[in-house]
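Pasting in a structure now, in structure tokens, and then I'll have a few things to ask.
Labels for the chains are A, B, C, D and E, by order of writing; each one numbers its residues from 1.
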């Protein structure tokens, strides 16, 4: 396996008039090709910042991020970013929502159009392509957001709490589905989440961050013994609860 | 959505609908009664000389004036002039205001520099600028339209700019992840998501434009409802003044409701 | 043909029957006879009319000479010059609550009068007359000066004040409503004052003497027509300028103006009336320095008109 | 919150602060330069007679007028009168408007009946009512204050009522679970949670009241900035008019900023 | 055990101009004294409506609700209602937020004041009594909301998704705490939730509703074999997953 993402000595300080906020301090880790990595950590510890650094929207104060061995210097087509809310544009229909990334990158050609239609068909949204976002359920909207991210054919996906706005039952169902899609498309994925059970059930590896400034507290390779490895079945594995309790204690939540 | 609704109308639902209808017509009737009551009271008060019909005018005389003006067509000419000026001022104000708001959004520096100027211009009673505008533009219809523009443009700039600024940061972030540049961000997110608030400013603007037109017509004009009010005052024809004010009220309400209607349409389309 | 007419933008101070000759000149086609097409605007105030003139928004202004004095006194190089005069006295009347055939200005002592806005000539004239009659404003008589002139009649009718100084047609309308009675004419009691006149920028007159001459001719024809016709006929001609006024009010008013001899018989200025205007302004404390008649008036055109037209 | 912030100021943070300071002072300087530029251009244009100083006045003359008026105290008297009238109108308008809004909230029926009347009154250019008010109330300071009130009260009623209506249904539900009656709901939730929007209407109201006062002073007054503007026009002193307009602009901005400041205070206290 | 709540043949129709919405159809169930019952069901099936009917804010179209054998005819002091968000009043300090119920019921006397202070002390909020809501964390705010509900000494508590606005970790911690408080105060509780895990770990019984109009689909007595029965430990019980999957299937979630 190759390293697709290398985070090397990355630090990030936010500067505002109120003062300097050290969000991330000398972080180092690699992500392998095809790996599904979750990042968990206390609220406000710098998880979203980390994803922004990897995506190239932000530039680290020091250190660097390499993608496929090349230094990140701005958003690139090889990285897709999925945010907490779906952020579908109400004034565009589903098709036009999905192709917005292609539009911006000037790649809205016939071939990509067909690819998008392919995706829509595959994930059961083809009939809805002329609908408007408000006509879709929360779960469907989130799937549209995923397809929008996939449309530009990134091979690395950054997912920033993509399911937290959904209600509990939808969340479990859609995370299962997204996981299957990503595995099928053979994407490398980095998932930020607050939901430990979600992290454990979906990931190959979990990175636990300390509270701000974010440093790596621990890393956990997840090996669950269950028949067919999909998130819902994973939750039934006997090791599940052990991982859960261990990481829960590391997170050290106080109310 | 239709399967959500029980199509076998139950007894209670019928009762509910009936009580609702009753309430609605009670409201409608009360509104009309109130209107009639005001006019009848006014008429009686004028006839019994509790109030001075010479000063306060009176409904029957207003009606008379209205009929005369309707017959000789002057009613429509004056109303038409005012409405025309208002719409022109309003459309130009909205477009120009939006363009300036885009410029401010584009350059934070410009926006910061102009900020105190906008505050002062916004707070300043534009009525006071009337005589000055007159001097600058001259006593033509142009200066009335400039007045209308003046009344509405600052509010437009401020509201539209505020709405651009309040454009969801995450939506912009989303476009940035695709590598969008500033122009793309403007075109693909900021403008479309600002449309709603641009349209909702229209509601305020049309009123302000009308005020501008009236103030302008007070100062310089040969026609229009503002002219009629001033002229009526000069020749001490309170009937004419009152009639014009009432027509003005109707025009104002109609303009407002039209914009409201357009707003609903556009929002529905989006 | 009409296409050869010169268009003149004329800005009148307000729309008033007091200016009847001027509407006659328009409606009887006297301007067209002189090859002029009038584009008439109402300035709603002498300041607005003067402003429009100075800003080049109109060619000829029609208002009181005091506007010209103010401008001249502020050192304006290209000031306004008066070339024709239309009215020669104040057109307002004092209205009392009851008829009073034996009215004397001394009777106003201890009473309240609704006057005009400070700085305006009507108000100054009122105060001048009062002083002339030994009644000191502010001491012997209270003058309400804070009302816009369109509101004074209403205020009076509503019970404010014992007297009100009103323009026409308001004064006659009050009389008709039995809400008051005209007891004195400010125009008659003050003496001749330069009241409303036509003026243009000095440079404009220099450049367009021909237009000014033709314009003055038309005005003179209007003045003659008004002198030679009955009020009823005058009203018939100018009715279109006052669409909402009652005919009988208009007739009353025109007769009243005829009675007090308010209109100039010709466009030539009357120097004494200008001096009296300046006296009045001086008394009111609104005049910094007096202006020579010859500086502001150019009677060449008026004299030429009188010579030519019979 | 303080432990959130790194107190060892790093090099980059110093750089950031420096660049921020530089930007801020660039903005400040640009604002001043713009102001100076406008006035200098105006002065030069007037002196070179590109514009007519008689009509447009000119900064040096305005300054002169300002000094004269400052010396004889009339500057402060007129400004004081206008400010006083504005504040009185504004306070009464806010209180009265809020009371009416409470009545509308209390009775849905009343609110529905009056709704179209409010729409018309809101849309109607109040300037047109000036002459009528003058006749009704008479030529006293009272009618100026009524004008101020007239300009601000409808907006107050509508905004405050809207804010009452938009009071969080769940907060009301919460009180209902404790068995609260309508009066308690009003007192404990609707009013306090409406305070913010009442205060934010103040910002708009103070401007509207000022407009009302100026319009009122145009029509009837012996003092005040509106009076000065009219008087200046009458004796053809454009310097006086311009000076008054500039003072008015400053007064307007100061009033607006004061209300903004009060709003911030109150919101902080809450 | 006595029946404290009896729902008898309750139906509820909403009338709006768009039409008639049948929210609840002939529902029947009882709640025993001291019992902790969870109600789960699809979104919009009528769960909140049901709680409102029990609390007396709404009146059923037909049928009746009895509380301690007496027909409900309006809000009563014996029922406390806790909503999804904390709805603390920003303009009141914590103390005054908590006593608002007592204020409204005119019972703000010395004795109750002391009782409230007692509660505050017991649940670690006494030092914050003069703070304003915005100075508190989400978890603390939710605890304040609970104390506000307890202040009027209801013996039945209605909880409408009280934890769904909290982030995952806080939610687990605070639901543990609330459960302990309710058990300690010996309250009868009805919890509405979307989170099956939460329902299973906290309740004695779970009522599953059908989609609208709500009828009872099934009821599950929860018997978990674990040492010390608190929600977090419950999650480790072997039966947990079995209940979860069974109810999950009954809910029949489609995205």
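Quick notes on this one:
The definition used in the following text is that contacts are C-beta pairs under 8 Å (C-beta built on N, C-alpha and C of every residue); 3 or more make two chains touch, one makes a residue touch a chain.
Here the structure is a predicted model, which means the values were calculated and not measured.
Contact with subunit C and subunit D alike is made by B. A centroid comparison over C-alpha atoms places C as the chain most distant from subunit E. Averaging Cα coordinates per chain places subunit B and subunit E 49 Å apart.
The distance from the centre of subunit B to the centre of subunit C, with each centre set as the mean of the Cα atoms, comes to 39 Å. Measuring from the averaged C-alpha position of subunit B to that of subunit D gives a distance of 20 Å. Rounded to a whole number, the gap between the C-alpha centres of subunit A and subunit E is 34 angstrom. The set of subunit C residues that touch two or more partner chains comprises 47-48, 51, 55, 150-151, 154, 158. Counting partners per residue, subunit B has 55, 131, 135-136, 218, 233, 238 as the residues that reach two or more other chains.
Chain pairs recorded as touching, per the definition above, are A-B, A-D, A-E, B-C, B-D, B-E, C-D, D-E. On the subunit D side of its complex with subunit A, the touching residues are 4-7, 9-10, 12-13, 16-17, 20.
By the touch rule above, subunit E contacts subunit B in their complex via residues 13, 15, 17-22, 61, 212. For subunit D in complex with subunit C, the touching residues are 52, 54-55, 131, 134-135, 138-139, 218-222, 227, 230-231, 233-238.
Contact residues of subunit A toward subunit B in the complex are 52, 55, 57, 74-77, 79-81, 83-85, 87, 89-91, 100-101, 103-105, 152.
Chain contact summary for the complex, subunit B toward subunit A: residues 168, 170-171, 173-180, 184, 188-189, 192-193, 195, 270.
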